[in-house]
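In this document, chain identifiers A, B, C and D correspond to the written order of the chains, with residue numbering beginning at 1 in each.
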Amino acid sequence: MGNCAPLLYTEKFTTMQNKIPIGILGATGMVGQRYIQLLEDHPWFEVAWLAASDRSSGKTYGEAAKWRLDTPLPERIARMTVAPAEPAGAPRVIFASIDAAIAREMEPKFAEAGCAVLSNSSAFRMAPNVPLVIPEVNAEHLHLIEEQPSRKASGGYMVTNPNCSTIGLVMALKPLAERFGLEQIFVSTMQAVSGAGYPGVASMDILDNVVPYIGGEEEKMEAETLKLLGKLDGHSVAPLAAGITAHCNRVPVVDGHTECVSIKLSRKATAEEILAAWAEYKPLAGMNLPFAPVQPVQFAAQPDRPQPRLDRNREKGMAVTVGRLRKCSLLDWKFVLLSHNTVRGAAGATILNAELLASLGKLETAAETAARA
Amino acid sequence: MGNCAPLLYTEKFTTMQNKIPIGILGATGMVGQRYIQLLEDHPWFEVAWLAASDRSSGKTYGEAAKWRLDTPLPERIARMTVAPAEPAGAPRVIFASIDAAIAREMEPKFAEAGCAVLSNSSAFRMAPNVPLVIPEVNAEHLHLIEEQPSRKASGGYMVTNPNCSTIGLVMALKPLAERFGLEQIFVSTMQAVSGAGYPGVASMDILDNVVPYIGGEEEKMEAETLKLLGKLDGHSVAPLAAGITAHCNRVPVVDGHTECVSIKLSRKATAEEILAAWAEYKPLAGMNLPFAPVQPVQFAAQPDRPQPRLDRNREKGMAVTVGRLRKCSLLDWKFVLLSHNTVRGAAGATILNAELLASLGKLETAAETAARA
Amino acid sequence: MGNCAPLLYTEKFTTMQNKIPIGILGATGMVGQRYIQLLEDHPWFEVAWLAASDRSSGKTYGEAAKWRLDTPLPERIARMTVAPAEPAGAPRVIFASIDAAIAREMEPKFAEAGCAVLSNSSAFRMAPNVPLVIPEVNAEHLHLIEEQPSRKASGGYMVTNPNCSTIGLVMALKPLAERFGLEQIFVSTMQAVSGAGYPGVASMDILDNVVPYIGGEEEKMEAETLKLLGKLDGHSVAPLAAGITAHCNRVPVVDGHTECVSIKLSRKATAEEILAAWAEYKPLAGMNLPFAPVQPVQFAAQPDRPQPRLDRNREKGMAVTVGRLRKCSLLDWKFVLLSHNTVRGAAGATILNAELLASLGKLETAAETAARA
Amino acid sequence: MGNCAPLLYTEKFTTMQNKIPIGILGATGMVGQRYIQLLEDHPWFEVAWLAASDRSSGKTYGEAAKWRLDTPLPERIARMTVAPAEPAGAPRVIFASIDAAIAREMEPKFAEAGCAVLSNSSAFRMAPNVPLVIPEVNAEHLHLIEEQPSRKASGGYMVTNPNCSTIGLVMALKPLAERFGLEQIFVSTMQAVSGAGYPGVASMDILDNVVPYIGGEEEKMEAETLKLLGKLDGHSVAPLAAGITAHCNRVPVVDGHTECVSIKLSRKATAEEILAAWAEYKPLAGMNLPFAPVQPVQFAAQPDRPQPRLDRNREKGMAVTVGRLRKCSLLDWKFVLLSHNTVRGAAGATILNAELLASLGKLETAAETAARA
């Protein structure tokens, strides 16, 4: 991130009283609800437009959504009318969390219409000219937006954040990859039901049970991890040349994905060096991004941590907790990691990407939109 | 098992009306309760003696135990008086499921007194002259009992069954090790709470949660697996020379351990060959052991199986279910396995060991004991 | 039940090798699956025809259904083709468990076509000429089938069993109503998720949660209870003149509805008298109905019972367990009851109704159907 | 509360930089941990002394306690040394949450030594001269402390807060009792496992299960409710002359007790009048007690609310949520209520009592203690 020149952005917003209007595609879904919850009181952004399926369009948000979060649905949002999912009338910045099949058609339309589309959908994550970004990990991949035809035509572009189970893994791995090199990754997940949306996982499938299968998840984790840890190489990203295998499971937990990891490093590292790599990993320090955790990767020293119910809310759900660092008798090291799947792993990921883009001057404020028009 | 010469034992029992009396050490615990449940109506064995901690001694079993199973406590058992945990008065065959620290002192006393001690405790599993046995896997290891000093002195001996998370793994691996050779094993578990006994895991620790730590479990899984798959070599067992690493987790499931496994084989095998190895693996066929599953390793073809609630009771809880066989991008193959931890993984394991020993003529019937006395 | 003249029916079937063919409407649903599971090996009945929604019609059952039970789907059933939900081609005895809205149109069609429709649906339970029956409680209400126009026209008729939460309540109340009179009933339920079918309750709604609302459930419990305890009065049933109020809740339990009950009796009764009323309540004794529990209402003496996981399977899920009988400081007595909601409370209820009708000669065997044709 | 003359207490603290030092008896327990969590950053109070069982005494709190909350254990607290549970060295204000048997001996010792003992224990709740108080409900009962012998001798006294399941019920009932009179109360609870402390309820008892029994709970709820709603009558409280019956159950929920209630009022009330009674019930308005909820009883209009996971944290866990107000066919009205059992129902209850006492000038600041000494 050394090449980012952060504005003192919070100052700008305070001074100008000028926020960036946000539109949400998929506003009634679980991640859509999290966007709304997390953007309430956001210092830079303001929810300005909500779109969902045709069934919801025209209703108030309060009527259209079955609000499932444990903070109240903000009054202002409840009264907003759900718009049709079309670029006409939408603001210049769109957060999208919709089914991949729909995203594949819809997101490019918004980008072509000039919008910055920040997507949690999987449709374009692996597209060569679409950046797949975690701000702490590979901010420099954002340069890929300049490779998108829409960027020149209308100014619009697409940026994606990874799958919920990928984010925690990559945040824990990046500091180690950087310092010691990374050759092999074994990961086995125990994922929360909120990752499947609402209604999502049937209670009959998960009470007193484990489902050792999540469609497409293992493939996503394996591919996304290597792209995220890869190098920007001219017009695309060369994925990290490491071996990776994922086992993905659903467990009866509401929020928080737990992952067991074994790794082989390129050069020997002691436990102390690994702990130091995690502790010192603060690539966004000084940028004043409101959602950036102060300590992105936190080590829990107790032998039985991290645990989803106890650790998922660290730094408002934006930190990843690691623990149980110990020797692996097959590879080099093994450890456990935990991250909040709908905050750090979805809605918060999009928001932090947006904050990074805003600090780079790549998102339009209401005033700028008005001036341009 | 080719060298076992099985009597038609069920016939013998029917003819002689002469069962083998069983004593239970740790009778009030979770596994002790399972012994009682599973031995009710057993064609060869009869519970004849119950012992537990000093606190319970002298009470009726009905008073002493908090029965936690979903079948009724048999009336006859409820009325039995709990004996002190001492060899005097105990029958010649003892099933033991007690804390390792206590087992270390108590089990040898019973063996020295002439008892066959069949133990679910971890205390002696790794002792060089104590067989650690799964009948389908390494029945020939039973010869180790002849290496025990007590065997010559009093006829008594100790035989152990593995840890609950080890059994399922080894049963799934054995047919593959036999046919293709086994070089590396990666396993990540999601274990049921019943594995920790009663009261065991606090509800505050496991509701809406995962505990990624079970004290000593990973070490046990790694060491026991290699001993079980090892070769009897004169006076001890040479462990399998394979690499193995285990990640052990507790999840909110009542019964049934789920395990994600990646393996590297010594020679290439196709998916069909692996499925055939599992399907054809019936080493106890023809021995008529009452608790032996007809199909010890069962493949579930649905993409989201095995699952603990749906598959743990296959063959009365004695079969292991495997599923999701697919290529591993790091090792060769990966799959999921499931076994009932307190049946196949504990009480049923001891019982099946006892059935094997009985069929080999190594357990005394009541008539034989009487004749000797 | 004194007026029922039971044949020694099992004898008849054994002798005649002639079973009653059963058709299932709603065969892929949760209760439909239970019908199939419970009818496997039934001595009198045989599943002969399976129907479900248009989406399933024409597929094999194995393809159409997502089997959710913990015993294997019988091979023979898996290979059967799902038929369209129309009387043509259906056998003369239909078990139905379908949405009330669909049942309202579909069930009369089958009755008019000459079928005995035994329904678990709520559509006709409160219809004046449709019997709502629990064999142990009000077998004499079956005379209402003679009030149905289809009965004369084609021989077909409809019989219903109650809602899953009603059955346990009424079975526990009936012996008390009979002996002491019943004036007021207060009931608060904690109902299992399987009661809502599949996918039914979303895991996001019930993990670490309670949902204190089940649409229409309280109204059903209140009305059905009074009809079941009412008196057959010429052409209809006069409901019991008692006050009743129900609070219905969903809790994170897989199977088994727990209910807290307070009652006011017409005449004073001691605890001993109430226990005796339950213990001696065996109205089906001697009828040899295969699914009839030997002891329909079982008292659990431990202070913390009944509990769903430990008591739901008593008598293969067909018995109701009561416990915690104690004085109520508002009414007279309070107690807790537990019954298996998809066995005793749904599929088993239909089957037991069918067994009663068969023993009364009101269901056609295959031979009889053939003879008539 | 009209007779309370509240100081502008927050002002005093800010001005004087002088907080009230708090000692905690039972500091390592679940409620003890909540005291610590909730008092972190409290504007008036500061944790100054921690005591627990002999086993913990002398250790740092970090060593002695197994911290089970989802916010980090404050560093300052972790380093404090756990003191012996004796008045010597303790501050003048004690929060106690210990077993009733121990409380019965220990709490009077602290009161005799001059401490204000604010207890969550059940030992003295029903003692005639000990106030059992919910600030919103019966603040005037605090006058009972003047009836305690220790009050004259040393200034020390005891004040108790109710059982966790009682508080929510009484807060919902009080506004109705006040406006319409209350004659009969039926309540059936579904209580969270955290109410039983740690380790408390075994996971084997509650996963996929309900336990319809909590020792002593029903008796406490019935007696405490009538005392809380009773009238201060000279030297003691005359309990409300109403009928009440409670059914208490444990369900697999982490935090939040749900209760189903039916009531009979003395005079007819419409639904609108009842909703208004709840909405307008703000007896602490204007007192500026930091933990007092702005809206103590909140009505949730959705048909399936309140729910523990979604509603337990309203007003930081200090509000009670009611819902599903509807006619009761046995009594007059029925509804559901929900309150956070370890916040509103335990630790927060003690803290709010302390805030009320502080605002009445009945708790000593550090400066006052120093001045007196």
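Criterion: contacts are C-beta pairs under 8 Å (C-beta built on N, C-alpha and C of every residue); 3 or more make two chains touch, one makes a residue touch a chain.
Predicted, not measured: the structure shown is a model, and the values here were computed from it.
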item: Fewest touching-chain hops separating chain B from chain C; value: 1
item: Pair joined by more contacting C-beta pairs (A-B or A-C); value: A-B
item: Intercentroid distance (Cα basis), chain D paired with chain A, Å; value: 40
item: Whole-Å separation of chain centres (CA-atom averages), chain A against chain C; value: 49
item: Averaged-CA centre spacing for the pair chain B and chain A, given as whole angstrom; value: 45
item: Interface hub residues of chain C, defined as touching at least two other chains; value: 68, 205, 207-208, 252-254, 309-310
item: Contact set on chain B toward chain D in their complex; value: 30, 68, 193-194, 198-208, 252-254
item: Partner chain C, residues of chain B touching it in the complex; value: 68-72, 207-208, 254, 309-314
item: Parts of chain A lying in touch with chain B, wherever the complex brings them together; value: 184-186, 188, 190, 205, 207-213, 215, 222, 243-245, 247, 249, 251-254, 258, 260, 262, 303-310, 323-324, 328-331, 334, 336
